[in-house]
Amino acid sequence: MTDFDAIPGLVELIDAHGETTIVVEREQLADAAAHLRDEHGFNFLSDITAVDYLGWGDAGVSGYIGTPAGRDLNTPMTQGYQALPQAKPKRFAMNYHLLALRATRPERVRLQTWVDEGEAVATLIGVWPTADFHEREAFDMMGIGIDGHPNLKRILLDDDWDGHPLRKDYPLGGEPVRFSDAV
Amino acid sequence: MALDGKRLRDLGLNSERLLMPAKGPSNFEEEVNDLEQKLGLTTLEKAVAWAQTNSMWPDTFGLACCAIEMMAIVASRYDIARFGMEPFRGSPRQADLLIISGRVSHKMAAPLRQIYDQMLEPKWVIAMGACASSGGMFNNYAIVQSVDKIVPVDIYVPGCPPRPEQLIEGIIRLHEAVKAGVPPAYELRSVAK
Amino acid sequence: MATVTQRRVGDPIYTQSRIPQPTPSVLTTSEELRATGDIMTVNFGPNHPSTHGVLRLIVDLYGEDVTGLEAVVGYLHTGFEKNMEQKTWWKCITYPERIDYVSFQNNEYVFVAAVEKLLELEIPAKATWMRTLLCELNRIHSHLVWLGTSALELGAISMFWYAFRERDLVLDLFELVTGERMHTRYFQVGGLAEDIPRGFYPEARKFCAWMPKAIDDYETLLTRNKIWLVRTQGIGLLSADDAIALGQSGPVLRGSGVDWDIRKDEPYLAYHQVDFRVPVYPEGDVYARYRVHMDEMRESVRIVDQCLDRLENMEGEPWIADDRKVVLPPREELHTSMESLIHHFKIVTEGFRVPEGEAYVAIESPRGELGCYICSDGGPKPWRVKFRAPSFVALQAAATMMQGALIADMIAAVGSLDTVMGEVDR
Amino acid sequence: MFNDWLPFAIYGVFALAIPATMITGSFKFAQRPHRRVRARTTPFESGVSEGPPQRQRFTVSFYLTAMLFILFDIEIVFLYPLAVILHLLSWFGFFEFLAFLLILLVAYVYIWRKGALEWH
């Protein structure tokens, strides 16, 4: 695997399920993106995903877990086994799924940066023009500000819609249906 | 039921009346018959109703997955040209029937209502599929929970997406209701007033 | 009768990038044209026969020339991702099919693959091969719907009836295997929902024998048809590096001369054991994308044939994994083993749990790279699901293609992007 | 005198009767629209039309194409009388007709080579 140590603003490198995640500082996102594209050949931005971690791990997860390591059928089911997911540094995560689109050894990586309520992320239209619609969708659905985006307005919802639906504190909406809480 | 050697067509996916000839007329037909007695159309009105049902032109209003199955009823196997509905009109001015095929989001509600208003009367509406009829499996902030909230609907066709036969069954029932003298939905329910 | 001179096929598509400057997805009319006062702004609105879906294009026209274009989407926004966060993993599988309702099997597979990646579940061979077969059948179905509708837009109306005749044959096969024409819900996490019914193999063989002849019919109708050539060659130009910069994938990318197909370059399912060719055309216009679609249909039929060879001698093999924590135990086992009853009860009431983590899986859907990002907190419900829709990205290239296009060319170019609005608006 | 005009009179009666029945029929069977819905007065613009159509200027190229169409379309009017008595004129009429078309063809090839049919 190529070493990603020389990336400006690098916080940590995570390897899980065969995917490498590069966590960078929010301020150096644009330089990290330019660096990845020029030095490591990630010329294709396939997707920008914004994730809201409000209330992450509050529910507490009990009961047995299909952990990849031990899944011995015979161990009695441990009811009280509390496996709380790791805490996340900030509320929002912006994941940029990059692809080195080349004939020899194509490679995928996730460039991740953490954003708090009210903070904005630098636009990457200069690096990858395809980021235009993705960033507008992240702004529309999750309310994450994008600095320097030339055409930042809602893309999926009405322009006069208030609130950002994919946030965890936004209600699902729709009509209450009998027995709707047993979803 | 041995399948080998038999093509699907030979299994005969016919409508229920052919499959169960002994069953006699379904309750829908009984309703239509005694409606006809009650309303008592004059021969002129019957002629007009007959003319309307045999050339009821649908408006191309394809939204989501049901639009693909709506396109299938125009194609050769389930052809609705047999019922005089050959041309799918582009503009609502020349359309009599609005088949709302797919889920209607809040952003699409205003254009849908405008197109319905721009259709000339008499006009009918078929809510095709679960999403148009009742919001389907999308009970959330984005989807209008039933098209009934926007336009008066004549026929609700269940299914997700409904088979082409189901949609044609809905269309035939609409034709039979109009021939029996049932007025269009905007007269029954005063949404359009 | 007009001679087409300025569109020479074969020379490099265009040199420097044509992506509109301030906003890559919005083409703005130049100032002096607007000063002439002859600019007419037209709405190719949500309900337009040629957009085949609720796409709205705000077009600035100077006579017949398209000088400004902006795509407004969102008229079919359905809030899939919000709904999926409220359902258990098992119930979520029915949602992705309705996102891209023309290639429903591929969408279903991408979500199931992402969940299996987090679970690190091992799938039996029979399920892998049957999934490959159904995904390729679905590719044929999707290309047929595209061919029927985009030829209809350019005036070749009879092509609609030819294409939808074969589409019904494909749907008969889906109905035979899964009981439902579209949105089959046949894939489970771990394999297939049911075993392959008897009588499917001969029917599929008949389809594979008939389909190449049908594609020959389409080719004789269109490939050397002078009207089709004049309407599609040299129109909607997109160079290779513009396509990559704009994140295009699938037939749009392979039509611009970039040899990238996830089935070949990042093989999944059984694509590395199957022999097929990836069609690439360098012209980068609507005709090149048409040729890519046609050749891909032929290749898909060959893949379906090879899958059938393997599947026919796999009688009696398991069609779903037997990991009791995720997969429902077989019915007869419930009467005897208490363990299975607990697992069955646990899975049905609360839903199986997926270990904490996030995963991104990208597959080659008929429209391009279809990605699914899932994030789980170890609970029975997904924390976040996001679909990377190739059509959503394809619409950004519409503005780049409109440089110097007539209004009739715009219809051809937007049609060749093969956008499905359910996938664009999610 | 009267009887040789009789067929023409019958033809005239039919010619008037057909539009008359259509107009009266559409009034008689029309179901009165319940109220003048504002949307029905606005033009259909794919569902998002704001108001009555504002005046928009058309470019001159449309005018050019329209003129060319009229120019070549009216020639058909001259061919009708020819068709009626073609059997009388026989070969002479036919060649006259060909000369007439030749002149038209020259004009057509001229504007075609000039590029007037191309849109610019």
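As written, the chains take the letters A, B, C and D, and residue 1 is the first residue of each chain.
Simple rule for what comes next: a residue touches a chain if its C-beta (ideal position, glycine included) is under 8 Å from a C-beta of that chain, and two chains touch if they have at least 3 such contacts.
Predicted model only: the values in this text are computed from it and were never measured.
J.: In terms of C-beta pairs in contact, which two chains are most connected?
T.: After counting contacts between each pair of chains, the winner is A-C.
J.: Between chain A and chain C, what's the gap in Å when you average each chain's C-alpha atoms?
T.: Taking the mean C-alpha position of each chain, the two centres sit 24 Å apart.
J.: What whole-Å value do you get for the distance between chain A and chain D if each is reduced to the mean of its CA atoms?
T.: 62
J.: If you average the CA atoms of chain C and of chain D, how many Å lie between those two points?
T.: Between these chains, centre-to-centre, one finds 45 Å.
J.: For chain D, which residues are shared contacts with two or more other chains?
T.: Expected reply: 46-49.
J.: Tell me, which residues of chain A touch at least two other chains?
T.: Within chain A, the residues that touch at least two other chains are 157-158, 165, 170, 172-173.
J.: Would you mind listing the residues of chain B that make contact with two or more other chains?
T.: 107, 111, 115, 138-143 - these are the residues of chain B that touch more than one other chain.
J.: State which pairs of chains touch, listing all of them.
T.: Touching chain pairs, listed by label, come out as A-B, A-C, B-C, B-D, C-D.
J.: Name, in rising order, each residue of chain B that touches chain C in their complex.
T.: Answer in residue numbers: 3-4, 8, 60-65, 67-69, 71-72, 74-77, 88, 90, 102-103, 105, 107-108, 111, 115, 137-143, 160-161, 163.
J.: Provide the residue numbers of chain C that touch chain A in the complex, in ascending order.
T.: 19, 22-26, 73-74, 77, 79, 81-83, 86-87, 117-120, 244-247, 249, 258-260, 265-266, 323-326, 339, 342, 346, 350, 352-360, 362, 369, 371, 373, 375, 377-379, 383-384, 386, 388, 392-393, 395-396, 425-426
J.: Considering the complex alone, what residue numbers of chain C touch chain B?
T.: Contacts found on chain C: 45-49, 52-54, 74-80, 82-83, 94-95, 98, 101-102, 104, 145, 148-149, 160-161, 164-165, 167-168, 172, 175-176, 181-183, 197-199, 202-203, 421-422, 425.
J.: Please output the residues of chain A touching chain C within their complex, sorted ascending.
T.: Against chain C, chain A makes touches at 16-19, 21, 43-47, 49, 51-52, 56-57, 59, 61, 63-68, 71, 73, 77, 83, 85-86, 95, 97, 99, 101, 103, 106, 108, 110, 125, 128-130, 132-134, 137, 141, 150-151, 154-158, 165-166, 170, 172-173, 183.
J.: For chain B, which residues count as touching chain D in their complex?
T.: Against chain D, chain B makes touches at 48, 91-93, 110-115, 117-118, 120-122, 186, 192-193.
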